[in-house]
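Structures incoming, each one as structure tokens.
In the two complexes below, chain A is the common chain; its partner is chain B in one and chain C in the other.
On to the complex of A and B.
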């Protein structure tokens, strides 16, 4: 046992902490000692939050967003525009979109992106569900908001091709220079995309 | 609520993670998403390790080491030399000493060091217990292994003065250049100490 100088419950806590990403033995030890100094009430709150999150959170069967209800709060929300579906790779991308406070449609979470190198093919993504939603009708536009990476672009292109026979407007979010950035520091590919995507004003 | 775009159990987990040291909202979010991908069994193991460590770990009433038994496994160990007490600031310093595998005596954890600037006076340290142990007799030597910092040095000096009337040998661990280090990178104070503490060979 690696932490045998500690009493067993402490050694076990250190060990368990090392399961978390970016937490090595040193950090785990620091976290564990911190936990011993925390209020018991706060430690219990963290422990039960862990158990609750794991037990109660699943995927929405419609959009595959993380959810503690079925369907999720976004799919259920009557004030949202059901004619637009924004396709994202992961649930945290959905949260990033929500934070813009400018989007009022629905979502579809792919739970990944195409990556032949890592063996992620179309069957690993939530594509059947997306096609089903579009085929059911009522969808005017599908916004492809996969990441501006090689995998994200490939995924967007793949989905655009899938959707073509369904006659639904399919758009891709703009790639360009980030707001607040400096042209000097923008990479050439981004700058080229920004030029290509220029609009009259 | 800061994480209102997430289902409640997830938002709560993120919130609880931010209580840990060095964990800001971004890291908390990353950790929480990781937890959702972990095996349920592993999450439950972490949750119960947290609760157990907090509930079962206390301080040894003799040496104030962290312990899940009374007295701690070191104070209880009949193979250890009961004539030597090594005084350290915190329980993790004790672990550092144990890892050397060269010390076989007992310990005394002060739970801090004198720090007038932070309002830590002698009454905040576990000094009464140390004096009691020495007065009870059978102690040949007290090794002062407080940290080589201003606070640690002051604490060592303070304890040495307290112990003087008790006629027990009191020693201070050597300060010098760290093994494997390079003189070029040693600071002047350390180097001066190394010179001062030189020994014939």
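On to the complex of A and C.
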């Protein structure tokens, strides 16, 4: 036991903190000491928030978004356009999309991306659910908003191929130079893509 | 001391920490090496495009305590098409995975570098088709096996060393992954015959040729569908038998190839 020179409950807390991403032993110790100095009711609030989040948050059975209700608040929302589905890799990509406040359709969260090199194949993604939604009808357009990485592009190409026989309009989000970026520092590939995706002004 | 320059092919890129990525680069002179691209996952990073898998780049590296880092990168050939087509992506992924597995770190292999670069150029310039994919895959497998010392025995019986004829009047030859290549009629009787793959003499001759051919020479060879198919079966069993683990990219490759 690495933290055995501490009293057992403290050692255990430190050990548990090291499970978090990006938290090494040093940070874990700092966090644990901070918890000891906190008010008891704040510690209880933190503990119950952790337990609640884990217990109450699940995946929406329609779009696989993280949700505390079934279906999720987006799938339930009658004001949203049910004819458009935006496909994203992870739930946090959906949040990023929502923050733009320009999209009013539904989503589909894949919970990952195809990665030939890591052995992540189509069966690991939520593709059956997407196909089912499109086959049920009423969907005019599927927007592929996977990341512009090798994995994201492969996923988009794969889904486009799956959807082809279903006769639904399938689009890919444009890729280009980031806002606040500098043309001089943009790589050749990004610049070429930006040029391809140019629009008339 | 200080910085040094490498010209290499990015074999793979894996996320590291919050914003970094570790690249496996195959350099012409130094062989396979790893280097960290700090901050590359931030949108403003100037390294982003250069550090994509399959691209050929010039990198300026700084020496780190455990891992060297990339300070500058310039794309020589981006091979963007290999990332923009499912079939080409599947083939290129298999190529880099097997190369990464077979080559040792910092062990120079200019032959492997030329082989992979030549095959990437071939994939990019040919019309993407299943025939081309199989032709490139077989050329790669035979070339890589040859230069990494895992080559199957194609000139003589793998068990007793008796030369194996592949002339026009020769009958079909038997290939055994567990024996390590061709196996003659008398050794075949002693051995377990369950995993035997029969090859036409023409297939064996094409395999011998592709083992030592440059990508340019390999491309000029007319590979019959039968030879491609037999060779594919023999090499698949040979690779699965002699490598420590099943290549992760194999299932995706088979899906795309429609197997």
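Just so we're on the same page, the second predicted complex is superposed on the first by the 201 of 201 C-alpha atoms of A that agree within 3 Å, B and C clash if a C-alpha of one lies under 4 Å from a C-alpha of the other, contacts with A are read in each partner's own complex, and residues count from 1 in each chain.
Quick note on the criterion: contacts are C-beta pairs under 8 Å (C-beta built on N, C-alpha and C of every residue); 3 or more make two chains touch, one makes a residue touch a chain.
From a predicted model like this one, the values you see are computed outputs, not experimental measurements.
Taking chain B and chain C in turn and counting the residues of chain A each one touches, the greater count comes from B. Within the superposed three-chain model, A:95 lies in touch with chain B and out of touch with chain C [touch as defined at top].
Of the two partner chains placed by superposition, only chain C is touched by A:116; chain B is not. In the superposition on chain A, contact of A:170 is made with neither chain B nor chain C.
When the two structures are aligned on the shared chain, A:40 is found in touch with chain B, with no touch to chain C. In the superposition on chain A, contact is made by A:68 with chain B only, not with chain C. Of the two partner chains, chain B is the only one that A:12 touches; chain C does not reach it. Of the two partner chains, chain C is the only one that A:150 touches; chain B does not reach it. Common to the chain B-facing and chain C-facing surfaces of chain A are residues 22. The part of chain C that touches chain A in the complex is made up of residues 12, 17-18, 43-44, 46, 48-50, 52-53, 75, 78, 80, 83-86, 89-90, 93-94, 96-97, 248-249, 251-253, 255.
Within the complex formed with chain A, the chain B residues making contact are 5-10, 12-13, 15-17, 19-22, 27, 29-36, 38, 40, 42-57, 66-69, 72-73, 91-92, 94-95, 98-99.
Within the complex formed with chain C, the residues of chain A that make contact are 22, 114, 116-119, 121-122, 150, 153-154, 157-158, 161, 178, 180-182, 185-190, 192.
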